[in-house]
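Quick heads-up: structures coming right below.
Next come two complexes built around chain A: one with chain B, the other with chain C.
Let's turn to the complex of A and B:
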């Protein structure tokens, strides 16, 4: 495949965007930063699917499309199903010689929100991973069902207030821990799984290119700060992402062939999670005296997870 | 640096939005669309778009590139090319594909697609910044004339 140069940002910027403006994502939305970066990582043809969610509704507002590539919209569950069906069709037609240009390189990519990836499309994603198609699945993880008004998903962290885990005098917000989707996907035996963030553009581009180049089903969870539901100023999308990765709320790492774990980013100064939480309205209530213990709990969870990641990196199991 | 240069308009942006404004752009209703309808992103050959710059492409009327979200903005980013170091931070993080970079140089802002989120201003590393927010109605020349001086480092 033809990957594009990511040696430095100047080189990278010579790519011609294939994701167009005048989509209707909120100002400052990270979804489009991530999509643009993926599409700029290769100049191969792309077949992209997106299931229902902010990205899909905002980039296909009839009669417009923001996609300069083949693009399939399908129901909430089926980003993985539809793009892997296209992948099979492409393979068969290539063999039969019925493609217009059988030699043109094509990459198959699915985008899903966390709601569809962690919850509603989970079974279908799992099936596609197990069948071993050659595709890359990218989850745009904004930790809630943003498109329908910010309901909690199994990606929502403890303590966040959402429209279905409302914080108040009797509740500190969501009670359950975030699902470890990266480990679950690695457990499928996937050749390449990673968690990446858009503020570290080069690391993210490297991971995207690895996934696109690797044959077989690859999965990448990307942190996608959502100013509307996380409640921060749109200008701060990248600042919030910095806080997320430097507090290790979102560690960046990859898992190769289900067991070889590599930590991709070690912050020089690990920030207290308070800095990250305090920058967003959805955690504001945690700073009341009665809920302070939740912040401590989040911090101790992060510390444990980070220790576990490092042990897994050493152990290679 | 003249205002004309600042207000750089690429060739492709000249006709933008026209077709939607013209009468006769008939749309099928949502309940009239039949299976197998296709809204192509381009008129003609689309096999080489990865190697074409926006101004070289034949966008169809269905491509959102031909539409505008300029009315979303209350504030606009203004670009000062004299301070810019072409780092491309603004290009990589603009969520609306609105930074016009060509041959490793930042040339200006695509005001048809910019929503005024201010992300580009936040990530601009120069001192003073090469991008600053102004009210939408502020004249570009006035904005540039009021550009702040380099900030001195505060002593700790």
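Let's turn to the complex of A and C:
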């Protein structure tokens, strides 16, 4: 794989532009940053699939497309299946000599939002991971069904208000903890899984490159702050991402071959989770005295998870 | 290079084996499948051809039928020849993606081994699954025996992949009656089959990076209607290609296929019109009725989509009373096939009597005697000049007679 220089952000962001800026994602949406990072971190040909979701509805509205590469969307749940079957077809056609350019390197990548990854497409993703196809699945995790008006998904954290887990006089919002998708994917025996964030763009590009270079099914969960549903000013997307990773709400780490865990980012000053929660409208109600215990719970969950990650890193199991 | 699989001039194959041999000879690149009774042996056999080197393609066994058709779409968009098989609940699970396959104009060939839909759970044959997909935008052909399941599968690749068609195609065969009954089948030689089916020439190839393509775009009220209208037109316009491929196949094998198949219809007063293996029983019954002095004929639908309205009208125009047989629970209406035949006859000058028989649900037999009773009732209608029974009747049902809808034409 020819690798584009990732030392200089300006150079990196304009190199090999296969994702057009003309799309209808919300101003301040992190999805396009993440997608652009993926597409700019390799010079190989790309076959990309997308589940139904914000990315899909905003980048392929007939008669326009933002994708200057092969791209397919079928339904809400099956991007992992469509792209991996294309990967198999590539192998067969390469063997039979029916490809136009059989020697050109190709990478197969699926994108899904957290709704399609954690919930409705979970089976299709699990099946594709189990079959061991050579592809990378990237979850654009904005912790809700943002495309359809901000309903809760199983990626929504405890305490967040959404349009189907409404905080009010009798509720503090979502009651359940976020599903640990990264561990579930690692447990599939994936050779490379990671959780990455677009504010640490070099780290993200390196993680993407590692996934693309690794043979087999790789999974990356990326935090993608959603100004519309998290309720913050669109100019603050990267600031919110900074708070997410510095409070360890989104720790950045990778797991190689299901056991070798490496923490990719250790904040110099670990922030209190209030700093992260207080910057978003979806957690505003938690600052009422009656819901103080929820903030405490979120903080203690973060502390426990961070301790667990460090123990796993050390133990290599 | 694949190892040569030897076939004899005459083989004893069941419908499933025949269909799987067609997939082998068509040199299908990728089969994405999830097994379900009674279609399972089709994909199992393809898997064994891969496992033993008889084919250079790949078999992907996925985790559900929804994923199977999703994979077929991805593989087909990646420019190769793609096929799969399913039945019943598996077909039902695929439905969402069937519409996507046809909307994206991908030439996938789906072998459907027809089986009832639960509840109650039932593994035997009826046409509930076929009916469930009738508006899915796929071309659909019906095989009445193992030979036809083989022949039509080969023809389906030619039709679907033709550049003026570019639509997926289903080949239906009846669960167990056709799929599991070993019969004489006369296959083409490997060489002749390969030559007949030819090599796929993909249209919008995702693996041709010199010309990037976007599959599965969104259209709202501004363009969706035009896309669906174009798709319908493509289905309607496929008739010429279907007929050409059938003609070429006849030249090669001597076996003739038409969009509708008629039997003793030249002077028929009464007629049974049907789909699937029942057609062969109906022909036997018609022959016996002729001996009893009833001018009986049979019309069979070979190509269910595009529906052959004009041909049906033409074939039935001299008839006085017609029995349309539906092998699917009508769910509070006339049988779907009845509605189509009745619509065709509504626009004919002769306006014959048209009745509806629901039969064979969940694999219930339809005997020669049952069909003869149907013919006799048609003769009674023809003699009276009106429908003498309920318009819709359930045939060979336990318990008291069940019928619905009364005629006004008496």
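The definition used in the following text is that the second predicted complex is superposed on the first by the 311 of 317 C-alpha atoms of A that agree within 3 Å, B and C clash if a C-alpha of one lies under 4 Å from a C-alpha of the other, contacts with A are read in each partner's own complex, and residues count from 1 in each chain.
Everything that follows uses one rule, which is that contacts are C-beta pairs under 8 Å (C-beta built on N, C-alpha and C of every residue); 3 or more make two chains touch, one makes a residue touch a chain.
All values reported here derive from a predicted model rather than from experimental measurement.
Asker: Should the pairing of chain B and chain C on chain A count as a clash or a fit in the superposition?
Answerer: These partners clash in the superposed model.
Asker: Who does A:29 touch here: chain B (first), chain C (second), both, or neither?
Answerer: So A:29 only meets chain B here.
Asker: For A:169, select first, second, both or neither according to whether it touches chain B, chain C, the two together, or no partner.
Answerer: neither
Asker: Contact-wise, after the overlay, does A:269 reach chain B, chain C, both or neither (first, second, both, neither)?
Answerer: neither
Asker: Go through the superposed model and pick first if A:93 touches only chain B, second if only chain C, both, or neither.
Answerer: Second partner only.
Asker: Have a look at where A:47 lands relative to chain B and chain C in the superposition and call it first, second, both or neither.
Answerer: It touches chain C, and chain B stays clear.
Asker: Of the two partner chains, chain B (first) and chain C (second), which one does A:37 touch, if any: first, second, both, or neither?
Answerer: first
Asker: Tell me the contact category for A:56 with respect to chain B and chain C: first, second, both or neither.
Answerer: In the superposed model, A:56 contacts chain C only, not chain B.
Asker: One more residue to check, A:235. First (chain B), second (chain C), both or neither?
Answerer: first
Asker: Regarding the shared-chain residue A:78, is it in contact with chain B (first), chain C (second), both, or neither?
Answerer: In the superposition, A:78 contacts chain C only.
Asker: Across the two complexes, what residues of chain A are contacted by chain B and by chain C?
Answerer: On chain A, the residues that contact chain B in one structure and chain C in the other are 45, 61-63, 65, 67-69, 101, 104.
Asker: Hey, which residues of chain A end up touching chain B in the complex?
Answerer: Touch list, chain A to chain B: 9-25, 27-33, 36-37, 43-45, 59, 61-69, 101, 104, 198, 201, 233-239.
Asker: For the complex, which residues does chain C have touching chain A?
Answerer: 29-30, 32, 56-58, 60, 62-64, 66-67, 70-75, 77-80, 82, 96-97, 100, 199, 205-210, 212-220, 223, 227
Asker: Which chain B residues qualify as touching chain A in the complex?
Answerer: For chain B paired with chain A, touching residues are 27, 30, 39, 41-42, 46-47, 49-54, 57, 61-69, 72, 86-89, 91-98, 101, 103-104, 110, 112-119, 121-123.
Asker: Okay, in this complex, where on chain A does chain C touch?
Answerer: My answer: residues 45, 47, 49, 56-57, 60-63, 65, 67-75, 77-78, 81-86, 88-93, 95-96, 98-101, 104, 106, 123-124, 126-127, 130-131.
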